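Some structures are shown below for you to check.
Look for chain A in each of the two complexes below; its partner is chain B in the first and chain C in the second.
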Partner chain A sequence: MSIEKGKISSQQLFFLIAGFVEASALLIDFTVGITEQQTWMVILAGLIITTPFVLSYVALAKSFPGMNLVQINDMVYGRFLGKVISLYYIFFFSMTLSFNIRDVGELYITFLMQDTPFIFFLIVFTATCAYAVTKGIEVLARISHLILVTGFFAITSTFILLIDQMDFSNFLPFFELPLIRIFQGIHIVSSIPFGETVVFLMIMGCMNKTEHAVKNTFFGLLIGALSLLFVAVRNTAVLGRTQTIWTSTSFQSIRLINIGTVLTRMDFVIGIAQTILIFFKCSIFLYVLVVAVSQLFGLKSYVPLVLPLAAIEVIIAATVFQSPVDHATITQNAGIIYSVPLVFVFPPLALLIAKIRGLPKVERGKGT
Partner chain B sequence: MGKKTNFLIMKLILCFFMLFVLSGCLGEREINDLEIVIGMGVDKDESPDNILLTAQVVKEGIAGKSSGGGGGGEDRPFWNVSSKGMTIFEAVRQMTHKTGNRLFISHNQVVIFGNDLAKEGLQKYIDFFLRAHEMRPTAFILVAEDKASAVMDAKPETEKLPAINIGKLVKTYGFTSHFYKVNMKDFASCLMSPTTAPMAPLVSVIENGEDKEIYVSGMAVFKKGKMVGKLNEDEVRGLLWVLGEVKSGVIIVPTPNEQGKAVLEIVKVKSKVTPEIKDGKIMMNIKIKEDSSLSEQTTTENLATIEAFEKIQEATAEVIKQEIMKAFDKSRELNADIFGFGEMLHKKYHKEWKNLEDNWDVIYPTIELNIDVESKIIKTDLLKKPAAPNEGKK
Partner chain C sequence: MTLLLLIFAYIIIVNLPGLIKRKEWKELAAFSLLYVIAFALGLMYVLDIPIPSPMEGLQHFFVDILGIEYPQG
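Take a look at the complex of A and B:
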């Protein structure tokens, strides 16, 4: 059976997914440069496109109760092909995790602490994530609602503080950009914040009851998407045409907060909120990576793998890119391509194959 | 139990000692080591290709800071350090030769560009101010009538620091609406627009014997990053009527019997601009609603009557129209789209815009304005009649 003994409720799944998607709030910068004032539409379109796929993950998890993605792959695609696909997933988890860890480091050395060595942030941050992961998924699930609320508080409060500087004519003209750029934007949004929820296929197996799983997943995705939408609307309304030039649009719009010359320099709000949110996201990713690797090799417990894998992730994060420039270029162009089969093809295909072969019933009888 | 408590105590002690080890911040900068910059001025240097950067550094504790070296009078609470360089950042770093420390520009309030530099083009100098992480996008940008360093030298009377004083002047533009504040982000936004002309307040020094006074005299108009002209005070207000940015101000109109003047204070302004393309002609429909109060009159005639109000309101509307036309004529003369009409057209007619954009310089002077002003006097302050002999008794 599955390697994780902890159980989460389906309500916790809602908070996990919402917080996970919300944590990508800064990552919409990858889209802003391409889709400019139409970013908000792209997020909505991305949500609509991704929803059926995410729901297919739930359906898959429901038809294989108590199993994680690696086990499902083994069962659906057979021993060999299943292992290959699982390896592909592990590659995806580990790369995405290292990119996210790198995001934190870049956030700190660009905006908050310029003189501190980059690697220092990566190590401290990943060590914290590793600590959280050794405590298991239950602990992460238990803190998930706090994380969601923190993120939402930061987003709404900065939104309100910036209302006087918003110019909603910045959203006009509505349909100006060439369609190809809109498609690229939709692709980025549906792969990065929304499509990454494929990691929950590793977690959904831990649910004690799957009754409301579909509803909770959908609303989790919706709440996460709403917070991204809030961020996109705030940035476009405040920064207008200039939103494409800044390294981080969110930071720049928060730097504009100036209420009575007292409420200024609110960068720290987004610094704190973003650190907490990305911590949550990276913890989930690290957990998923560790569990997937241990499951692949048939270990009894995943705890011994946490530290070595975390160390590998730090090294990847430190060396994978030279600067935010190639980070953005590779994510915008290559990153979203290699994740396509994992996010949009394999899970629905697995569901289909399982339906055709009538898999869960037969296999459940055998049991392991 | 005992073992567990011991372990807990050990952990606590360990955590306590960690406090000392982990508190060390890399890149820490103590307050007395900071060179806090509150304003920066950029001028052209005598040698070509070089710029002269002047940074206004606060002296914390005037008495204790005599070691500055050649920064002017002893009692001045600020120090204007200058340095030369090919670019802004080079000059900023060059400055450490004089200050002994990096400049700390988080508190920078204003950036002033000298006239020569503005005419040559600000595009290449603005980048540093947007890119530097300590720089705030809310810092104001100004253009000096002459040298920026001279503006930063003039010591104000009530404020201690010139740069703070200039910041204050710019922030309180609303009392007359004769200029308006432009921060780094706004300026960058206009620079990025293919049509809208960026603007910045013009600041000059008036020499009054020994004293020097700072005066904001209008706005500098840029085109493609280069300063091409300036708007005087009335023209700026004409522009602000259209943008809906008039906060307050004084309008003087003749009284109905033409013997004196009625002075109105602007209370509230709303404006709406709707672009229209008709048979290839571009028309801007400008609708302005203005509320004012009767703040002063110079005749004995009672102006607080419905008939008098109507006449004054008409005259006010006429004044507003003329101001707008003055601004528009000036912008046509400079061929600089200060109103942002291009952007408005772009937002409403984005399909037609593709053809208009390339020829915008040709099209802009042919735009027609259709101005509709609705002026209302909504109060007369403390008097309902002037202090004059009552006419009705005769």
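Take a look at the complex of A and C:
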């Protein structure tokens, strides 16, 4: 029995996925230091590589209607191995959520409110996400289009306002970087903005109709990728090679907006948009984490676990990295390596095993 | 410390009465387990006791033990 009673439409899935991917716009900075002016290529390559995997998540969810990832793992891999894999996923959800909560704290402490205690941002932000999660996935799905539009507005408006400062020769030379750095960049992009959509395997079971799920997932991914591409192109065109030296390339490029000395210091636009987008992403991650843990414990409701898990996430976010440099170094290595099986191996493998074993019909036939 | 106690008192007030009233013992057990973990971590943070980072452990495992690492620079 699934733990979530709410239902979402496949159109809402489109907005959820697009907003979720768009929320990673700030995380492009992990790639920029490695792939420099070729970041836009890396985003496109990452999209092309990840799309079949993301579509395999939809195929898996369609094969097991009404079930979430923990239930699918139990059915495909057996009770013991299934639980172990689900624990691995829970660790991934927990860590990724803590990184994103930390991102918000670092954003505020570095650019907007330097004198406020770091933990304060983490507590307030996570409490807001926890409140959203207690309302259920339906509420998050209902606001998803507003989130997407807000993010898209911030990205496109800043893009237009910076057009006069763009120098497209900043994209040259092509293919100058060593192949290993391109590969690492593609790995980061495939794992972080696109690969993280594996969380939707915990949500797709709530869909009322799965007919257009493949199409909506693909277009959601595409719109999200387009947002990231806009951000990467804008930052490279405006900042050029200097983009690698800034802590946040987006903030630095937005600070250069100067329209007749009236429209200046627009970085608050990105600050607000980024907070809304990361709030959305963290709410989805917290929801998925809470539902996965509740499902693992075999509970009837996930609501009682929201606040304790949110509290754990705040402490993890506050202590997981020593500094932003530590954050970037670990994310660019262990952070993207440990998630490879979860994003690229287990879901397609589960789909293959389900096809071979004729799941879930065989299990249903046994009355389980 | 006061903030920590206030936050955790709030979490109990919000969840505990409902769980007992509805006799959801399994949910109560899971809640209690996570609550104790969260409180212990919160207390360690407030008292400045170092909390081991899972990511630093993973980084050590992949980089130092398995030797899997992308070249720097």
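One rule holds for everything that comes next: the second predicted complex is superposed on the first by the 364 of 368 C-alpha atoms of A that agree within 3 Å, B and C clash if a C-alpha of one lies under 4 Å from a C-alpha of the other, contacts with A are read in each partner's own complex, and residues count from 1 in each chain.
Just so we're on the same page, a residue touches a chain if its C-beta (ideal position, glycine included) is under 8 Å from a C-beta of that chain, and two chains touch if they have at least 3 such contacts.
What you see is a predicted model; the values in this text were computed from it and never measured.
**Q** Given the superposition on chain A, are chain B and chain C in a clash or a fit?
**A** Chain B/chain C on chain A - fit side by side.
**Q** Applying the touch criterion given at the start, work out whether A:Phe321 contacts chain B, chain C, both or neither, answering first, second, both or neither.
**A** After superposition on chain A, A:Phe321 lies in contact with chain C alone.
**Q** Taking the C-alpha centre of chain A as the vertex, compute the angle to the C-alpha centres of chain B and chain C, in steps of 10 degrees.
**A** 110
**Q** Would you check which partner chain A:Val84 touches, where first means chain B only, second means chain C only, and both and neither mean what they say?
**A** After superposing on A, A:Val84 lies clear of both chain B and chain C.
**Q** Is A:Leu352 touching anything from chain B or chain C once the two structures are fitted on A? First, second, both or neither.
**A** neither
**Q** With both complexes overlaid on chain A, does A:Gly240 touch chain B (first), chain C (second), both or neither?
**A** Only chain B is touched by A:Gly240; chain C is not.
**Q** Quick check on the superposed pair: does A:Gln252 touch chain B, chain C, both, or neither? Answer first, second, both or neither.
**A** Touch partner of A:Gln252: chain B, not chain C.
**Q** Look at A:Glu176 in the shared chain and tell me whether it touches chain B only, chain C only, both, or neither; answer first, second, both or neither.
**A** It touches chain B, and chain C stays clear.
**Q** After lining up the shared chain so the two structures overlap, which partner does A:Asp115 touch, if you call chain B first and chain C second: first, second, both or neither?
**A** First partner only, chain B.
**Q** Please name the chain, chain B or chain C, that touches the greater number of residues in chain A.
**A** Residues of chain A touched, chain B against chain C: more for C.
**Q** Look across chain B and chain C in the superposition and give the shortest C-alpha distance you find, in Å.
**A** 15
**Q** Which residues form the common part of the chain A surface touched by chain B and by chain C?
**A** After superposing on chain A, no chain A residue contacts both chain B and chain C.
**Q** Using the touch definition up top, name the residues of chain B that touch chain A in the complex.
**A** Where chain B meets chain A, its residues are 25-27, 130, 133, 136-138, 185, 188-189, 192-193, 346-348, 350.
**Q** What residues on chain C touch chain A, complex-wise?
**A** Contacts found on chain C: 7-8, 11, 14-15, 18-19, 24, 26-28, 30-31, 34-35, 37-39, 41-42, 44-45, 51, 53-56, 58-59, 61-63, 68-71.
**Q** Across the complex, what residues on chain A touch chain B?
**A** Within the complex, chain A touches chain B at residues 110-111, 113-117, 120, 169, 172-173, 175-176, 239-242, 245, 252, 255-256, 258, 264-265.
**Q** Given the complex with chain C, which residues does chain A contribute to the contact?
**A** Going through chain A, the ones touching chain C are 91, 95, 119, 123, 180, 184, 187, 293-294, 297-301, 304-305, 307-309, 311-312, 315-316, 318-321, 329-330, 332-335, 337-338.
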